[in-house]
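First the structure, which I've put down as structure tokens, then a few questions once you've had a look.
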Amino acid sequence: MAWTRWVKSMGVALLALLAVVVAACGSSNSGNNTTTLTRSGTITIWHQWEGSYLDAKKAIFDAYTKQYPNVTINLIHKADINTAVTTAVQANQGPDIVAWVDDQMGKLVKLGAIKSIDGLDGVDMNYMNSTFSKAAVDADTFEGHIYGMPETVEAITMVYNKDLVSADQLPKTSDQLLSFAKSYGAAHSGEYGVVWNPKDAYFQAPWVYGFGGYYVKADGTVGLTTDGTKAGFNYMASFRGSIPASVDYGVADTLFKNKKAAIIINGPWSVADYGKAGINYGLAVLPTLPNGKPAQPFVGVKTLMVGANAQNAALAVDVIKWFDNKDNEVTQALANKEIPANKLALADPQVQADPIIKGFGAQVVNGTPLPNTPFMSALWDPTAKALEAVWTGKQSVNDALAAAQTAAQNSIAQLK
Amino acid sequence: MTVGQGELSTPLVAKTDEREGANVLASGWRFVRRAAVPVLVHAFLIVMVVFALFPAYFVLQAAFRPGQSLYSLDLSLWPSHATWENFTYIFTQIPFPTWLRNSIGVGVGTMLAGLVGSATGAYALSRFRFAGKRLTLITLLAIQAFPTALALVPIYLILKTIGLIGTPFGLMLAYVASALVFSAWNLKGYFDTIPRELDEAALIDGCTVTQAFIRVILPLSLPALAVTALLMFLTAWNEWVMAQTLLFNEDTFTVPVGLWGLQNNYRVPWGYFAAASCIVSIPVVVLFLGLQQYFRSGLTVGSVKG
Amino acid sequence: MAQTGRRLLLTYLGPMAIGVGLISLFPILYNVYISFTNQNLYHFRNYSIVGFVNYGKLFSGLNADFFIVLGRTFLFVAICIPLFLIVGMLAAMALNHPSVKFKAFWRVALIIPWAVPSYVTALVWKFFYNGDFGTFNQVYRLFAGPQAGLPWLTDPTWAFGSIVLTNIWMSYPFFMVVILGALQSIPSELYEAAAVDGASGWSKFWRITLPLLRPAILPATILSAILTFNVLNTAYLITQGGPFISANKPGATEFVLVYAFRNAFQLFNYSYIAAFAVVIFFLLFAVTLGSLRFTGLVREEGR
């Protein structure tokens, strides 16, 4: 008899627990928007900044807390923001500010992990348009609401080793890039003309979008079987044999650092390390394609978003505005070689005079916005698999893209 | 320490053979075998040690290599500019000591709480008679078959409900519960091998059930308790998927979560990883050395009693 | 012993029951519930009950992901476990050989793979396997010429084998330790008696050593089989489930947990993965129960 009673009481306890938990899930959405600004409390920021890059940002937040001593700012580095934010917000333990790239925005909105900052602390479209560049404003609005404020703008470009290749030898067209890769490899055994990670959808974007293809549109239309996407894949595949077969980001990066690669296609986050490794590097825009258009890398906008659990959202917005003001944006830009999203900071003569910022800036002009639709999350995986299948020769470009198109469409159908 | 000699020691009385030549051949063969087997054994051991140590050695040399790159383009066995800078960095620039303290706390806590929970439960399953015992055992097994990683969100919701989310204590509870099932099975298997007459005699002598459990059963079960403890500690010590989801603040991180926090989408700070893993390996080796004598009998899950 | 009193029973079973009930049983029930909803990225909070839709997707055909992933995982376990056992057994027997001196040194050296955290060593193996710069192919090229290279991680079959190799490296110490302990507790008289009867070394192994090792090997094997089935670290960190030969097929090393992890946390397909987990759960339960019945454990319980 003891057993049946025990089972019954356990059963009742579990059911009660289930009810509590389900109820708690339902109600956790009610984060209150404090609209009046009081500069006291704690602001927690989850980010992926690191090293000297982080130091420059930390100094700016330190200046804020020095000016407003009632405010504490906690900076926490999160390796996997995706999982961390989504699970933490469900438990009402999410951060006040999430610092990430704008392509995650749609997803975070749908997951209820961030909230709109329309009207908070004087933030509206007028403020956004008057303060930030257009690409940045577009990136930080989703379905007509403002969900964050831009920090910096970034895109991948050609980084070259000035000791291995001179500026006038640099390839200007995609055909020249390919022949440069081939002739450089032939002339220098065990070395490579150009390297990047061809199995990554982000690094493949310049070719796909440059040839007129696309991954996905805001309405969920998948463009993997368009002619432009195919042309982009074919161009990538033509580098087989000129880039090490087992290349990934780490391999490409190591080759460039060890002077075994003349050119690497990489983003602003990488160049500080190249300087430290003693590489005398310069920047050049990605080549022009046979259709006369430039290769179009994704332009990502690093963005500070306000978490759904933020108790004092107005204060969070105030901190972001401080972080994004002209002086602070100039400081960050100069320290980290980043392109500021703030228009006034970008126009600053010191910023304009910096060759690295200028180099990446020239590339950003050619770029295409990183899609911030949540459908993009259904594209990364199949696109990367298709790239791998093509790169390793397991599938033809057409077969690989047809399979990826189906896979992406299926995922999107499940999302809708 | 004499086992295995069986393979070597040839019968003292060899079968007599009619032909002299065969006898010579046989003794020659015995001689070769006597000499060859130790050589083969040592050759095998050397191969195994190279296999076992090379990846570990690779971690060690990376800990002393300046720079954070995993890939090295040369085959050099030791960095030409060996440095302690990775060790200095993890102890001075990042809260590694705090993470280490949290890891030790969570590991030891998991071990102790897990031992208490599983030993009492296993004792009940081994000695008590109650209806539905069989069902309980089968339920425990069923639970063991459920992959913990898929329980992430529900565990999260529970810890949130009881207000322990984001704390090392909450993480410890999650580890304890997921280690309980295996531990209880293992201890029950061991308790079953202890003759019932022993605790029954204690009860006749006037001990309570609890006294019999503490004074008779537990001291006799030291091997199983030690092995169970080590396995539970290791679970907590090296786990990162769950920890990464259940902890939010840097000062609550365990070592694996803290280390993973140092990397980003593109880069793993390999030198720091290597230096830190050298340090976290030490307690495991020490624990193993201390407990290895118990391994001969401490693992009994699923064994048939009697 | 008579029927145990309720209070005593609760005192002893209570702590375990609460722990197991809260952190282990509840997640299973929760997963069953979610598996009947449509929870995913787009219906994260506003999900609704949709019935058996997710189960329908799982069993949509014999070439469905589910069967490929499950079949591959069982194959992986079936290949790994005997290899763990053989390598562990050989290492234990070598360590136990009377001609071996400095036993403590050999023993510590051989358990090192177990001590170093797997989330770090997995990355080391990833580097070893790299086709162009990895240590294995660099050494291989010394013999086979500068253009040669083995497709450690790029060919599906090779990649599967590479993950098996890494897992042997990580798992044999456990078996070695367990078997060594058991070997040392076999009374030497048994061998001496067998020697008098004229048994060969081989028959002594089969007739004495192996049967006496069985009680130690069996539980280790069950534990290891469960851990191997749930392999995540090595496969996820070394290959991310790849290599992928097509976008709509699971990768060659996309084992059950890797597949679940990718779908749940990269594609946010919560309800689908919940259904997947429920089915896997019942399957594993049946297999474990069957194997225990086979070894005679459960039969003797509850008397």
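Per-chain residue numbering starts at 1, and chain names A, B and C are given in the order in which the chains are listed.
Operating definition for what follows: a residue touches a chain if its C-beta (ideal position, glycine included) is under 8 Å from a C-beta of that chain, and two chains touch if they have at least 3 such contacts.
Treat the numbers as computed from the prediction; the structure is a model and nothing was measured.
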| item | value |
| --- | --- |
| B-C compared against A-B, more contacting pairs | B-C |
| Chain separated most widely from subunit A, comparing mean CA positions | B |
| Identifier of the chain whose CA centre is least distant from the whole-structure CA centre | C |
| Centre distance in Å when subunit A and subunit C are each reduced to the mean of their C-alpha atoms | 36 |
| Mean-CA-position distance for subunit C and subunit B (Å) | 14 |
| Intercentroid distance (Cα basis), subunit B paired with subunit A, Å | 39 |
| Sequence positions of subunit C contacting 2 or more other chains | 3-4, 9, 13, 17, 22, 25-26, 30, 130, 133 |
| Junction residues of subunit B, two or more chains touched | 70-71, 73, 130, 133, 152-153, 157-158, 260, 268 |
| Contacts with 2+ other chains: residues of subunit A | 2, 6, 17, 21, 25, 80, 83, 251, 254 |
| Subunit C to subunit A touching residues, read off their complex | 3-4, 6, 9-10, 13, 17, 21-22, 25-26, 29-30, 33, 40-42, 44-45, 130-134, 149, 153-154, 242-249, 251, 262, 265-269, 272 |
| Touching residues on subunit C, where the partner in the complex is subunit B | 1-4, 8-9, 11-13, 15-17, 19-20, 22-28, 30-31, 87, 90-91, 93-100, 106-121, 123-125, 127-128, 130, 133, 135, 138-139, 169, 173, 177-178, 180-186, 188, 191-192, 194-196, 198, 201, 204-205, 208-209, 215-216, 218-220, 222-223, 226, 230, 232, 256-257, 260-261, 264, 270, 273-274, 277, 280-281, 284-285, 287-289, 292, 295-298, 300-302 |
| Subunit A residues within the subunit B interface of the complex | 1-4, 6-7, 17, 20-21, 24-25, 48, 50, 74, 76-80, 83-84, 87-88, 90-93, 95, 249-251, 253-255, 257-258, 260, 269-270, 277 |
| Complex contacts: residues of subunit B adjacent to subunit A | 67, 69-73, 130-133, 135, 152-153, 156-161, 165-166, 244-245, 248-250, 260-268 |
| Complex interface listing, subunit A residues touching subunit C | 2, 5-6, 10, 13-14, 17-18, 21, 25-26, 29, 80, 82-83, 86, 107, 110-112, 244-247, 251, 254, 374, 377-378, 380-386, 388-389, 392, 394-395, 399-400, 403-404, 406-408, 410-411, 414-416 |
